[in-house]
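This report concerns only the one structure given below.
Labels A, B and C are assigned to the chains in the order they are written; within every chain, residues are numbered from 1.
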Amino acid sequence: MEYIVEGIRHALRLIVSLDSEIFSIVLLSLKVSTIATFLSSLVGVPVGFFIGASEFWGKKLLVTIFNTLMAFPTVVVGLLVYSFISRQGPLGPLGLLFTPRAMVIGQFILATPIIVALTIAATQVIDPRVKLTAMTLGAGPLRTAITILSEARFALTAGVVAGFGRVIGEVGCAMMVGGNIRGYTRTMTTAIALETAKGEFGFGLALGFILLVVAFSVNILLHWLQSKRD
Amino acid sequence: MKLKRYLELTLVTLFVLLSFSFVLAGERLRLSTTTSTENSGLLDVLLPPFEKIFNVKMDVIPVGTGKALKLAENGDVDVTMVHARSLEDKFVAEGYGVNRRDVMYNDFVIIGPESDPARVKSAKTADEAFNLIVRNRATFISRGDRSGTHLKELTIWEKAGLKPSGKWYLEAGKGMGEVLTMANEKRAYTIADRGTYLAFMGGRKISLPVIFEGDPILFNPYGIIAVNPAKYPHVNYVKAMALIGWVTSRRGQKIIKEFGKDKFGQPLFIPVAVPNP
Amino acid sequence: MDTFQFEIRDLTKVYNGKTVLDIPHLTIKKGSIYGAMGPNGSGKTTLLSILSLLLSPTSGKIYFEGIDIDEADKHLLRQKMTLVLQNPFLFSTTVEKNVAYGLKARGIKKAERKKRIMECLELVGLEGFEKRRAGELSGGETQRVAIARALTLYPKVLLLDEPTANVDRGSVDVLERLLKELNQRFRITIILATHDINQAYRLADEVISLFGGKIAKSPAENLFKGRGLREKNIFLFDTGRIKVAILPESDEVSHISIPPEAVIISHKPISTSARNSFSGEIYQVADGGDSVSLLVDAGEKLTVKVTKKSFQEMRLNVGSRVYLTFKSSSVEVF
């Protein structure tokens, strides 16, 4: 119990003192997760839209697959990516292992199923009159698609936020493909894992607290931006 | 609306800049080592001078012994430093590593509850201590993760001719720090490297005294090995050799000798590469 | 003679094996207002959808200003007409952005867009509503925004599906006047589907009656005005003179039509499950080709059709006292 109080005190001390190592850890977490989520959205939203808006044989199966992938254990994804980018693997020569880029790749794989699945759901509950109205007003297929997505913007934002939440808080994949190298691939989550293993529960909680604050701030920013969209 | 546009533009620019800041600066050398080595803090003192002199950035990947060697086997690192002699020899024999050097050693200690229910204090050798634990079915926490510590533990069981199993023998599958915490919670016996043990005692995270120490079998030698460039031409062999040279040099060995004195009153490691650093 | 706005030949539309539209021939003149009238399910909405090129017919040909639509660029043709749905959908944004949608889709520049938006909002009587949010509007305002949105594209044809069905009383007037003005001022061909007979006759230059997917030669027969009411568990329609049993209806019923073919005529009351049974006197007999039309006064004046054979076998004539029986399910409600 004292860990928690100690943790919050420690966190405040760290933030106030602008500890540079903490700063670089937080910055790295943000960089990696933001870029991964962005790329996931870039791919996931159109894919989710296509699947959601079309009818084809096997659609239900595909939706189920994406829903299942959402719960994919992070360590397993880490193992899979590792096997590809390790020297032994097909992408070995690219030298991606133990770099922030590898972490972005891993987190991209983690976030995309979430964004796809939630975009599919968002698209399917959209009033069918949207498409009809857009068409009667002369909108082509691309404009109609954008209009539908715009009508679904609340649900879509929720999807992106969910994707971001999943990756900023994951440790299994980041640890596996990043290597937790101090100053280079150490994120908030891998640092927490390290400190906790060292028995430094207070410090671990401090970092955890900071992680929550960061995630909270990003969410607020995302929602504010989306509300401005009107 | 103008404000919105401006904000978006700023964010996009920031974003683009951020994604490019992953560019590496300078040459990098990758070392895989064990978590206990990294946790001891030795590398934080030993490596920076090397980085400066040789103008190279060290990427230290702290994992379990098995994984550290696996990474080296796969050519994912340039050099590895672990403390599991038999595995290291196998590693070199199979052609994955070259130029193995002894660096230092620390020792393991058997710790346990103050009350010492198994009367381990009375043992003369490590295997005798283990024998007592088995006979008394005293709770014992094992690393269970094929780490250097774990392998050492298994060597002692083998010497004692025993195969530990039962409710009292808990295989944690975790790192040293976590195992220490667990032993502390359960007031159990366990075997730990002195370095991590001292760090935890100093930090008041645990309160288990040393019950047995000193048997030579408990000595824990560290070796450093470069990944074989013939097998993996891409490895930074030159800098790997430079690192090996550094840790076995007079200056490097002196740093190792001094480490821990101010924090724990006793050094954590004993250098072996140079007679009197 | 100028080409027709629309000409339809041998049009059918089949859904799940059911024929919902069957129109051998129909012409729509340019610049007129047409009312497509009929009870729910008579095919009005389907007809509008097909005319606005949103739906393809199962068979048949449609000509728009003389051009066969199958051979034309549908996308281009669609730009000349707009359909306003019964429950028009407004995008979740401001009125201005809604009205601008079609213009943006056509790449019209900002200055011209602003001009047309103001123009059209003024036309529908919603000046100043630009910044209002779509979700805050009343039913009538929503309809008018939808119409304004359609008008910005200067369509030649405006199709409306039940434009005043979901609109408050006060706005019905406004809307009807608007439609009349659009037609007179801009010569826009207007086709509106409605179940309100009075509205159809008020607004339209010509009325198309639809019944079961087909065009009725004359307006629905045995048409009565009145109101629906409920006695115990039975739904009735009170014309003022007789009470007719109808199927449960959730909407407000203002008119009913009893198809002459559904009425069984007999000398004595017959015991069936049919709920409606009235006695009356035949006051007129007319030859209807291979059938005979009988006009019966049963409180209300009803037209009944029988075969020549039945007419002779039953020895029916003017003055005969008869019983009229028909099921509540055969009564068409509007």
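Heads up, the rule we're going with is that a contact is a pair of C-beta atoms (placed from the backbone, for glycine too) under 8 Å apart; a residue touches a chain by one contact, two chains touch by 3 or more.
Since the model is a prediction, treat every value here as computed from it, not as a measurement.
Participant: Using CA atom means as chain centres, which chain is nearest the centre of all the protein shown?
Facilitator: Smallest offset from the overall C-alpha mean is found for A.
Participant: Where is the C-beta contact count highest, in terms of which two chains?
Facilitator: Answer by contact count: the chains A-B.
Participant: Looking at CA centres, what chain is most distant from chain A?
Facilitator: C
Participant: Suppose each chain is reduced to the average of its Cα coordinates; what separation in Å results between chain A and chain B?
Facilitator: That gives a centre separation of 32 Å.
Participant: Calculate how many whole Å lie between the centre of chain A and the centre of chain C, each centre taken as the average of the chain's C-alpha atoms.
Facilitator: 53
Participant: How big is the gap, in whole Å, between where the Cα atoms of chain B centre and where those of chain C centre?
Facilitator: Those two chain centres are 84 Å apart.
Participant: Counting only residues that touch at least 2 other chains, which ones in chain B make the list?
Facilitator: Counting only residues that touch two or more other chains, chain B contributes none.
Participant: For chain C, write out the residues touching at least two other chains, lowest number first.
Facilitator: Where chain C is concerned, no single residue meets two or more other chains.
Participant: In the complex formed with chain A, which residues of chain C make contact?
Facilitator: Touch residues, chain C against chain A: 52, 54, 75, 78-79, 82-83, 85, 87-89, 91-94, 101-102, 105-106, 149-150, 153.
Participant: Of all residues in chain B, which touch chain A in the complex?
Facilitator: 4, 7, 15, 18-19, 21-22, 24, 30, 35, 39, 57, 59-63, 74-76, 174-175, 177-178, 180-181, 199-200, 203, 205-206, 232, 234
Participant: Going by the contact rule at the top, pick out the chain A residues touching chain B in the complex.
Facilitator: So the residues of chain A touching chain B come out as 31, 34-35, 38, 86-88, 92-93, 95, 97-101, 179-182, 184-185, 194, 196-200, 225, 228.
Participant: Which of the residues in chain A come into contact with chain C in the complex?
Facilitator: 127, 129-130, 132-140, 143, 147, 150-151, 230
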